[in-house]
Amino acid sequence: MKIIHIVFLFFFLSFTTSQASVNDFCVADLKAPDTPSGYQCKPLANITSDDFVFHGFVAGNTNNSFNAALTSAFVTEFPGLNGLGISAARLDIAENGSIPMHTHPGATELLIIVQGEITAGFLTPTSVYSKTLKPGDLMVFPQGMLHFQINTGKGKATAFLTFSSANPGAQLLDLLLFSNNLPSELVAQTTFLDLAQVQKLKARFGGRG
Amino acid sequence: MKIIHIVFLFFFLSFTTSQASVNDFCVADLKAPDTPSGYQCKPLANITSDDFVFHGFVAGNTNNSFNAALTSAFVTEFPGLNGLGISAARLDIAENGSIPMHTHPGATELLIIVQGEITAGFLTPTSVYSKTLKPGDLMVFPQGMLHFQINTGKGKATAFLTFSSANPGAQLLDLLLFSNNLPSELVAQTTFLDLAQVQKLKARFGGRG
Amino acid sequence: MKIIHIVFLFFFLSFTTSQASVNDFCVADLKAPDTPSGYQCKPLANITSDDFVFHGFVAGNTNNSFNAALTSAFVTEFPGLNGLGISAARLDIAENGSIPMHTHPGATELLIIVQGEITAGFLTPTSVYSKTLKPGDLMVFPQGMLHFQINTGKGKATAFLTFSSANPGAQLLDLLLFSNNLPSELVAQTTFLDLAQVQKLKARFGGRG
Amino acid sequence: MKIIHIVFLFFFLSFTTSQASVNDFCVADLKAPDTPSGYQCKPLANITSDDFVFHGFVAGNTNNSFNAALTSAFVTEFPGLNGLGISAARLDIAENGSIPMHTHPGATELLIIVQGEITAGFLTPTSVYSKTLKPGDLMVFPQGMLHFQINTGKGKATAFLTFSSANPGAQLLDLLLFSNNLPSELVAQTTFLDLAQVQKLKARFGGRG
Amino acid sequence: MKIIHIVFLFFFLSFTTSQASVNDFCVADLKAPDTPSGYQCKPLANITSDDFVFHGFVAGNTNNSFNAALTSAFVTEFPGLNGLGISAARLDIAENGSIPMHTHPGATELLIIVQGEITAGFLTPTSVYSKTLKPGDLMVFPQGMLHFQINTGKGKATAFLTFSSANPGAQLLDLLLFSNNLPSELVAQTTFLDLAQVQKLKARFGGRG
Amino acid sequence: MKIIHIVFLFFFLSFTTSQASVNDFCVADLKAPDTPSGYQCKPLANITSDDFVFHGFVAGNTNNSFNAALTSAFVTEFPGLNGLGISAARLDIAENGSIPMHTHPGATELLIIVQGEITAGFLTPTSVYSKTLKPGDLMVFPQGMLHFQINTGKGKATAFLTFSSANPGAQLLDLLLFSNNLPSELVAQTTFLDLAQVQKLKARFGGRG
C-alpha cells in the first residue's frame, strides 16, 4: 500500500523532473541547424547509452608527409558532447613528425602525453612557453594561443588532447595563409614573408593567387 | 506637427528596437526542439501578459508516503522563464514528512520558509551544513550539492524554493539508485550497501535487476 | 585492516577534493575587495552552517509614505550567496501602497505572491505586460525591464521576490531622476517632463539643481 | 608525391575541422526562430564575405523633433553579429538635439565621439556620472543603466556607439511610460508624476488610458 | 633604419598588448584568496614554461580497499589551469576495483580509456546510461550526474578523465552520507536505508551519530 | 511630513541598494591583482565621472615602417571597462600602410571605417572572407580568427575597432613567430617556411636562435 503511494508520488515528481532533466544533457541532432550555443537536442525518448560513447580513439595512420595523425571527437563526431563544453582528440606523431603551428579559437587545449617524447609550446608577443614532455606530463595551451607539437624523441609519440569546448575548431597556420586564393602580394604584405616564399607555399598547400 | 515628427522618429527607433527587444525575453515554444541555451522563442506577436504569469502555486496533496508535495514552476510548466536563469517550486511537508536526499545538477537552490519548521542541510565530503529553519529564515544549497529537507516541527511546513536555472531538474537519490535495472550487485559494489538492502529498496522503488 | 585502508584512500581522495571543493561554494569575505565575478571567498576553515542561512525575512514596517517595505537578502546581507547567481527579497505593501517604477540592471525578478492582491507589470517600447496577482500566482520580470507593483486589494499584500543575480541592485526611477544634482533643465530636456514637474519632484526626493 | 600526401592529410584534417569551424561563427538565419543564445546559423555553404559586412553607417536624417537620428547595426540588421556579443549604432544629433533617457537591458554601451560636443551621463540611485565629451573621447555606460546624450555644442555632433550584445535593445523612457495603454492614474502612482503631466505626455507619445 | 622603426612600432604595439595579454592566461596564485571565477593571477613577470606543465600523471598505488587510485591535476595541483575551464585526472583500477558512485557538481567528465576494461554509467531518475568500455572508447558523464566506474576486465584498467572546470570537485556518495556526524536516524529517514545499514556504513567510513 | 517619510524609506531602500549597486560596475584597481574575471573593483567612494571617460582617441603617429598606428582603450588604459566585456581601439593607416596578420584570442572585433579605404579580411582553413571597405561600412572578425587590414586607397585611412572583451589582447603573427628565441629550425619545421626566410625575419623582428 505504502509502496504504491510512494511510487505514485515519485511518478508525480518524476513527471515534472523528467521533463526538466531534458536539459541535464542535450545530445546533438546534427541534421538540425546549429545555434550559437550548439545544436538542437535529440528527443529524450531516442537517446540511448550509445549517445554518450565514442569509439575509434585508436592510432591514426601517420604514413604521410607530416608523419602525424589527428583523430578528433568533437561534437560533429560525438553528438553527446553538445552543450557540455568539452571534447577530445588523439594525436599520433611518428618519429620526426610534427603538428605545425595552429590555434583553436576560443578553446583551451590540455595535452596528456602517453608515449614517446613531444616538444610543445605556445607563443605570445613577448614570450615563448615551451617544454619537452614525457609520459606522465600534461601541458596546457590557453585559449586562442598559437602552438605546436613536435616528436623530438625516438619512435612514435602519442598524446590525448582535450578542449574546453565541444567544437574547438583547428586552424592550421599554413592552411590559413597558403591554401586560399588571396593574392600572394597581399599575403606577403601582411606577413612580411618574401613573395617567392609565399608563392612556393601556395603551390604546396593548394592556394591560388 | 511636432508630435507627428516625434512619433515618426519613435516609430523609426521602435522599428529597430522592437525587433531587437525579441531578446529582452524569449518565451519558450515548448513544441519546438530544445537547445543547450533553452527552447526556441515564441513569435513576439503571440506573446501576452499571460506568458509571464504562472497560476497554481497552492498547497499540494501531502496524503502520500512522503507526507510531502512539490509543485514546480520550471520552464516546462512556465514557458516565460525560458533563458532567464531562474525558476521556483512550492514545497509542502506534512508533520513527519520529508524531501529525501537529492541534487539539482548545475542549479543553486534558495529556500524561503513560510510556515512550520524545516530541518535542512547539504553534504560535502568533509562537512555537513545543516540548520533548523523557521518562518523568516532562508537557506541556500549551492549548485549540485546533495541536500534534504525534513519537517521537524508540529503541523504542516511550507517553503518556496527558487533555483538559478530555468530548468534545474531534481535527482532524487533513491530514484537514481533503486528505480532502474542496474544489477543489484553493481549497485551494492559502487555504494558499499549490503546486497539485501539494495534488493529491498529496488523492490520498493520499482527497480529490477 | 580493510577499514584503515579505505579510510586512508578516502583521505587521499578527500585531500584533493576538499581543496577542490573550495569552489563548490564561495562565501563572501565582505571586507575584501569585490571583483567582476563577486567577492573573495572566506577561508573554508571559517565557514559554518550559519553562512548559508539568513534570518529576518519578516514583515517590514510599512508605516511610511509608500505604505511599503522591502527587505533584501542580497550578497551584501547574505554572504553565502556570493557567486551563486541567486538572491531574494521580501515585499510588504500596505493597502494603497506600491513599489514605484524601477529596474534591476542585468537581473531577472520572479515574484511569488503569498497574501493579498498585487497588480504588477513591466514595460517595453511597444507593449505593457501587466496582471493582477493573487496568492498562488507567480510573475516574471525579464532582466533590465522597467516594472512596478501595486497593492490593488484590501488589506496588506506580501510577496517574495527572487533574482537571477546575487547582487541585483534596484534602481528606483524617481531616485535616478530626482534625487541628484543634474540641472532640472537637463532632466526636463531628456525626459520631456515639464520643468515645473521636475523641480517639484526634485524638491520631494532631495535633488538639487 | 610528398605534396599529394600533405594535401591528403590536410584534407583529412580539414574535413574534421571545417565542420568544427561551423561554430567559429554563426551567421543568423533571421527567418528561423530565435533562441536564448541567438538565431539559428545559416548553412556554412551559403556564407560569403558579404555576411560579415554592413553598409549604411552614414549620417541619419535629424530633421525631426529630436533633432537626432540613430542608425543601428544590431543582429537583426547585421546577421553576421549573431552569437558574437557585439553590435554598433551611429548617432547623429543636430544642434540642440538629444537622445532622451533610455536603457539597454543587459548590454554595456561604449560611445566614441567623432564630431561636435556631447554631454552624456548615466544615473544611479546615489550618483550621477556625467561628462561633456569632445572628439577623441570615449565614455562607457555600464549595463542596464539609465543614460542620456545631449548635443551641447555648436553644429552637429556625431558618435559611434558599440554594445556588449548582438541585440542590445533600446528602451526609451518616454516610450515605456507614455506610449502604452496603462491607466494614467497607475502611471502617476508609480512615478509620482502629476496626473496632468502623465496625460499630457500620453497625448504626445501616443498612449491611451 | 627601417628595422628600428618597425621594432619601435612593435614595441609600441606590444606595450599595450603585453599588458592586455595578462588575461590571455591567469596562472593561479594559490596563496591568495579564491574568487567565484578562480584564484588571483600570478604576476606575468614570474610566469615560466613550468607553470603550464604538470608532472606525475603516473600509475597511482591501487594497493587499498578500493583497488583503485585517482591522481588529479586540478587547479590546486596545476595552477596554470586557473580560469581556463579544464582539468584532468588519471584513474588506475586494479582487477575487481571500482570508483564508487560520485558526482562533480557543475562539471562534465569525459573519460578516455587506455588499458583494460571499465564498465561505467550515469544515472537519471528515469534511465541508466551505462556501457562496457575498451581502449579506444570515450564516455561522457554530463555535469552533476551521479556516476560510477568499475574494472570489469582482467588485470589493471587505466583511464584519463578530463573535466569542463579547473576545479571540478569530487563528491563520493559514501563520504557524503556516512563520514559525517548527521544522526543516523536522519540519514535513514532521508535515504530510506535501514537504520542498521546506515550505522554499519557510518562505522566503516568514520562517521558519528 | 510625508516627504520625510518618503526620504526615509528611500534611504532605507538605497542603503541596501547602494551597496548592491557596487556591482552595477566595477572600475579596475590596476594596482591590485587581476583575476580570471578581471581586476578588483575600486571602492565606490573613490569613483568619479572621470573613471568612465577615456581621452586621447586621436590620430596616432604613422611615421614608421608600418605606416600605421594603433591607439588602444583596453581595461589597462581605461579601467572603467573592467568586467563590462567591451573595449575599443583607433586605427590610423597611412597610404600603403597595413596592420599585418594578427588574432585577438577570445574576442570578436567589429571595425567601423570613418575615412579612406581599407581592404580587410579573415581566414579560415577553407575560406577567406575579405572585402574593400569605405566610410559607412562595418566589418566583423569573429573571435580568435586570423585577420588583416590594408590601406588600399589614396591618402590616410582611419577606423574604430571595438572588441567583445575588456582585454582582447593582440597577437601579431610576425611577433609570435620571429621576435622570440625559438630555434629557427623549429620555427621552419612547424611553419614549412624556408630556414633562410625564418632567419631573415628573426633578424628583422629581434628574435634570436
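When the chains are written out, they are named A, B, C, D, E and F in that same order, and each has its own residue count from 1.
Definition applied: contacts are C-beta pairs under 8 Å (C-beta built on N, C-alpha and C of every residue); 3 or more make two chains touch, one makes a residue touch a chain.
Here's who's who by UniProt: A, B, C, D, E, F = Germin-like protein.
These numbers were taken from a predicted model, which means no experiment stands behind them.
*Asks:* Out of curiosity, which chains are bumping into both chain C (Germin-like protein) and chain F (Germin-like protein)?
*Replies:* Chains in contact with chain C (Germin-like protein) as well as chain F (Germin-like protein): D, E.
*Asks:* Could you say what rotation angle superposes chain A (Germin-like protein) on its sequence twin chain F (Germin-like protein), using C-alpha positions and rounding to the nearest 5°?
*Replies:* Value: 180 degrees, nearest 5.
*Asks:* Centre to centre, using CA atoms, which chain is the farthest one from chain A (Germin-like protein)?
*Replies:* It is C whose centre lies farthest from that of chain A (Germin-like protein).
*Asks:* So using the touch definition from the top, which pair is joined by more C-beta contacts, D-F or A-B?
*Replies:* Between the chain pairs D-F and A-B, D-F carries more contacts.
*Asks:* Please work out the Cα centroid separation of chain B (Germin-like protein) and chain E (Germin-like protein), and write it as a whole number of Å.
*Replies:* So the centroids are 26 Å from each other.
*Asks:* Which whole number of Å gives the spacing of the CA centres of chain B (Germin-like protein) and chain D (Germin-like protein)?
*Replies:* 34
*Asks:* Would you kindly tell me how far, in whole Å, the mean C-alpha position of chain C (Germin-like protein) lies from that of chain A (Germin-like protein)?
*Replies:* Comparing mean C-alpha positions, chain C (Germin-like protein) is 41 Å from chain A (Germin-like protein).
*Asks:* Name the residues of chain E (Germin-like protein) that each touch 2 or more other chains.
*Replies:* 13-14, 17, 21, 24, 35-38, 105, 121, 124-126, 128, 130, 142-145, 170-172, 175, 179, 204-205
*Asks:* So what shape is it, when you link every pair of chains that touch: line, ring, star, complete or other?
*Replies:* other
*Asks:* Dump the list of chain pairs that touch, please.
*Replies:* A-B, A-D, A-E, A-F, B-C, B-D, B-E, C-D, C-E, C-F, D-F, E-F
*Asks:* Provide the residue numbers of chain B (Germin-like protein) that touch chain C (Germin-like protein) in the complex, in ascending order.
*Replies:* Contact set of chain B (Germin-like protein) toward chain C (Germin-like protein): 13-14, 17-18, 21, 24-25, 47-58, 73, 78, 80-81, 84-88, 108, 110, 112, 114, 121-122, 124-126, 128-131, 133, 135-145, 160, 162-164.
*Asks:* What residues of chain C (Germin-like protein) sit close enough to touch chain F (Germin-like protein) in their complex?
*Replies:* 33-38, 64-66, 68-70, 72, 74-77, 105, 165, 167-172, 175, 179, 204-206
*Asks:* Spell out the part of chain A (Germin-like protein) that touches chain F (Germin-like protein) in their complex, as residue ranges.
*Replies:* 98-101, 103-106, 119, 121, 123-128, 130, 142-146, 148, 150, 170-177, 179-182, 186, 189-194, 197, 200-201, 204-205
*Asks:* Of all residues in chain B (Germin-like protein), which touch chain D (Germin-like protein) in the complex?
*Replies:* Contact set of chain B (Germin-like protein) toward chain D (Germin-like protein): 2-3, 5-10, 13-14, 16-17, 19-24, 26, 29, 32, 35-41, 43, 82-83.
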